[in-house]
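Presented sequentially are two complexes of subunit A, the first with subunit B as partner and the second with subunit C.
Presenting the complex of A and B:
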């Protein structure tokens, strides 16, 4: 793996030359988005009855399912994404600079998709803003849902601010290489820009990175988001102190996979992008994906062991149900096999392969999606309360719900394609550091 | 911390400090307070650029929730205002 020599011209190439592959990907993603819009339209016109999400207690089954599972999945990808970027700035890990902005964009895009999943799950989405804002002064006292909306807003805003501030210098320096037709956009980004502000902005970005790196693992995906579930004592499948570490490890695993996948797609689409995002970066992301998936699998082992050995009734019941469900084992295999693959590569038993890494990334991303959906569903299917014992039910995702996964994935791809036509998705300093950069995990 | 949360819990629901108030404004937002303090008090500093950062934050909060409000009103107009696409139970 030799050190490449990328140039600023490489960075602006995606902005200038839409290829046939670009249009093909945009077309497929648009079809996915349209299918989602139609499915959501059917749901709005007929109510949530078109899904398998029932009124708990009368219809059997569960009230939270694929929508919430997908929400956790998107939030996880988002939170993990920005951690990479913040770590690059704070810990000065220059090796990962080429994917720092991709990680920031993944955070903004994935958080938006998470927000869409919440809206889609509401029976009356037209009331969401008014009811949240008006009730906030009282709901923030005790409602994990209010905390959740607070931290998601916070996270989105901090990431967008981070991106906006760090983008200014790059746009200024690349201005003569960027298309004139987008001048109004660049003028807005460069509002009151002065090259002398760069050291100040660099320091502000450092403070932002510090805030993000404390917030993300300790309080957001290792805190407020899992507390939506972990604080509910009536659902033994959700309740407990292990839920937050499980969420965080799953988030970081899928985020590493997500960033790697986006990086691989851009490498595939554009000439000489193997120089912009070298093999070492993909190798390193794969390594970290393996580490986090190992922690994830270890925490699953803890959960299963504790649930299987002399556990309280509720805990034992949900653990037995999880272990008896083949879907759970599919999810585990989708994470364990890539873990083994990455380990074999690292130990030199298998050769490094970009195609193999792409498959591994897709596998862990799917595995986390399935596991998080199953986690959501089984918590509600096996509650501690016996109030609903006479109306047992089951849950299978409907095509209407599945369309939301397809559609938000398509929308995220469109988001990336759109942004890559506006701004350089790799920072200038990543190219500048290539010459002096050295490897290391 | 437990004692603090217990004490807070005993207060009236609509007044006083509750667990969530402590959690969000006393714990979760602390890194953000530190960040803002660092922007204005750290070195190198420039109050104009720090204000620009605060402006970005305010703009993104407003555009996020404002955009969501617009979207929700479009959904209302299309599906919940009694028109042909309204749900059958309305």
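Presenting the complex of A and C:
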């Protein structure tokens, strides 16, 4: 390769230089976040009446809508992110080491956004801590929502542990290259650090990764989150064993897209980052994004087929409604077209293009958001209680609801920008591997 | 299970006496019925095999009914006569076309046009009467259980209450507050005239906001019938309520003293999972600020209920919105962002006024007495007694119908069955309906008799943010 090898200096470059572009992006993201804060303020003052949510049943509306759809989306990206990072650590896939920490950071950021969505969704957010904690010993036995809060907390803790453990040796070794002004932060991270701990930390991270990989299909997006929906038999659109695989495939698709997008942005913004995160990583992430979107599309096919053949009334109704909804096909196209694009690249029909991959990543992320929101809404619009099934219900989110998507996206970008000014978002290990490979030649 | 309970559940002397009484009122052999019932219990306990059970009384059944349609060997039995089976299946054992107590009144009310729209005066009776099998023959062919025990079945199947499991889960004991009361409704949908008096009364009594129809009346049509049907839908106060199960904060709960399902307004976080999980759609969220004064307001509710005797008790919270346990569960609009639903007029149950206890606003307002309120576990309660009445009417009227009656066609269309709404969801609802059960293809119709005509709003109050709309 003609590019200079990635070096530790490249890793600390984002920390040192806030450019004009940086401030521009920070400004735009802040505007998005401020719009969201204002919208939420209006909602707090006037109640959820400012949304177009309503009572399902005689009111003909949906009681869960954009907020919950966006929640699923963020949690999916987060859970997909941690699965990517755990797979890299567990199987020691050196190729993807440059994006392992990005995936972990995406998990922490996206989980936080998911948490914000839950708060925004609640009628009485002020009570959430006290009410939940007081009743937890009882509700954890029965309420999927209590399970949900449990696993989100669990994964937040696991990811944060993971991240802080693996960060210590990097900070220690890069210390002299890092800005002095942030010394208190680094001192905190390096609290009682001893270089001898590195092999121990390595093993701990491996076990954490194993735990995450085992628990992912059981408790993450292949488990508790879809069970919030899959267990309610009164909503045929949600009920069933296919819901969890659908969620997991959507999560992994959007997480691959998310990690790729972040990697592409950093490559674009900083000198020589194409060496830090080489093309083959983007190429590989695209491949996996294609695989998971293929599974996603295949599962959609199953659901549509089952719903269109000789389905029970409720299942048939929701399937027919989904198929008749143009929004659904927009979401499907947003996933099928990138899938085709990636496939054509691999078949050699299309040339590999970073710009094209960025567009494909954005498309699948949007596709999953739309599909998951539609899933939430249609489940409630077409309930099993067929007498209500004939209520002409509808739901279109208000600008206040849409502001939450905009705002949390802005907050996530701000989070990444902030973190990238504090710590190296790519591990030293990734750069060292490149070096040792070169040395071997 | 205690000995006392097991006696109740098994076929003891009390049961025998009651069953004999029931069986003696029909034309068929009482002894045979008793024997078969006892063997049936042995079968269910696994003491005898299915094969043995069917072959035991084969001869006697043949003799008594002329046919024994039960398979003598369940594995190799000959297929039953197709017509017989279909007729039997199409005809609910308890679904005899005899109007229940209030059906006459309902009919009159419909003719007077005093209710919510009548689509016509009865559809074409597509009956099997001239198919060669009279209903009587069908009953015979179905066998003993169908004929003799039918009317008594309800009681025998549910000796201790409508949900036996409840007894096991929450045994009553002296000195405990839980005396195993389960409040519920029996609602005669055939008697209902669709006037929505219940919904109006509920809205007034509980001062619920527009769009929050804690009590709701579906008007629906079956594809093959012109006649409008009604389904009255309060909260079902389930014995296994999914809303309670999913609540992440235990705000939604089942009051142990009487089985009413309530929301603790002081704990609810407004996640709306209860609303999502409930198959009946009975939950209504408080989307905006509750009204404190004027019509449909919190103030009105408090004023209406300021004189409840129980509120004089120094141990009680002096506020009708708090129940006897001091929990904020009752009455009017919950605070902004909190879930509300039918509270079984809990302020009445806890009022200390014997005239109000055991009643609800919907029950009181119904002009045709279609709604019956009380303890579903008490065989002497009003709803259970009404079920008995219906059973008796079916039984006493014989199996055929009076074709000389000018209303016979209309009567034939009526299927007096007893059922629970969406029982297959496993919720164990404590509302038992009498009358027509909506089919898979039943469609809710708004016209005639639109809800708005009764001064009720179906949609929640909107919110106008200038930039919004």
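FYI, the second predicted complex is superposed on the first by the 419 of 441 C-alpha atoms of A that agree within 3 Å, B and C clash if a C-alpha of one lies under 4 Å from a C-alpha of the other, contacts with A are read in each partner's own complex, and residues count from 1 in each chain.
The rule is short, and it goes like this: contacts are C-beta pairs under 8 Å (C-beta built on N, C-alpha and C of every residue); 3 or more make two chains touch, one makes a residue touch a chain.
Only a predicted model underlies this, so the values are computations on that prediction, with no experimental measurement involved.
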Margin query: In the overlaid three-chain picture, which partner chain does A:151 touch, first (subunit B) or second (subunit C), both, or neither?
Written below: first
Check: Looking at the overlay, what does A:268 touch: subunit B (first), subunit C (second), both, or neither?
Finding: neither
Next item on the list: Scan A:175 for contacts with subunit B and subunit C and give back first, second, both or neither.
Entry: neither
Note to self: Looking at A:17, would you say it contacts subunit B, subunit C, both, or neither? Reply first, second, both or neither.
What the structure shows: neither
Check: In the superposed arrangement, which partner chain does A:383 touch: subunit B (first), subunit C (second), both, or neither?
Finding: second
Margin query: Let me test your reading of the model: by the given contact rule, A:127 touches which partner, first (subunit B), second (subunit C), both or neither?
Written below: both
Check: So, does A:143 touch the first partner subunit B, the second partner subunit C, both, or neither?
Finding: both
Notebook entry, point to check: Which partner does A:235 contact after superposing on A: first (subunit B), second (subunit C), both, neither?
Noted result: second
Check: Looking at the overlay, does A:161 come into contact with subunit B only (first), subunit C only (second), both, or neither?
Finding: first
Item checked: Where subunit A meets both subunit C and subunit B, residue numbers -> 46-47, 124-125, 127-128, 138-139, 142-143, 146
Next item on the list: Please give the residue numbers of subunit B that touch subunit A in the complex, ascending.
Entry: 13-14, 18-21, 23-24, 27-29, 31-32, 34-35, 38-39, 42-46, 48-50, 52-53, 56-57, 60-61, 64-65, 68-69, 71-73, 75-76, 78-80, 85-89
Item checked: subunit A contact footprint on subunit C (complex, rising order) -> 211-213, 216, 218, 220, 231, 242, 245-251, 267-273, 275-289, 335-339, 422, 425-426, 438, 440, 442-444, 458-463, 465, 467-468
Checklist line | Parts of subunit A lying in touch with subunit C, wherever the complex brings them together | finding: 42, 46-50, 53-61, 63-64, 118, 121-125, 127-128, 131-132, 134-135, 138-139, 142-146, 149, 228, 232-235, 313, 380, 383-388, 390-391, 398-400
Item checked: For the subunit A and subunit B complex, residues of the former touching the latter -> 41, 44-47, 115, 119, 124-130, 133, 138-143, 146-147, 150-151, 153-154, 156-158, 160-161, 164-165, 191-192, 197, 199-201, 203-204, 207-208, 210-212, 214-215, 219, 223-224
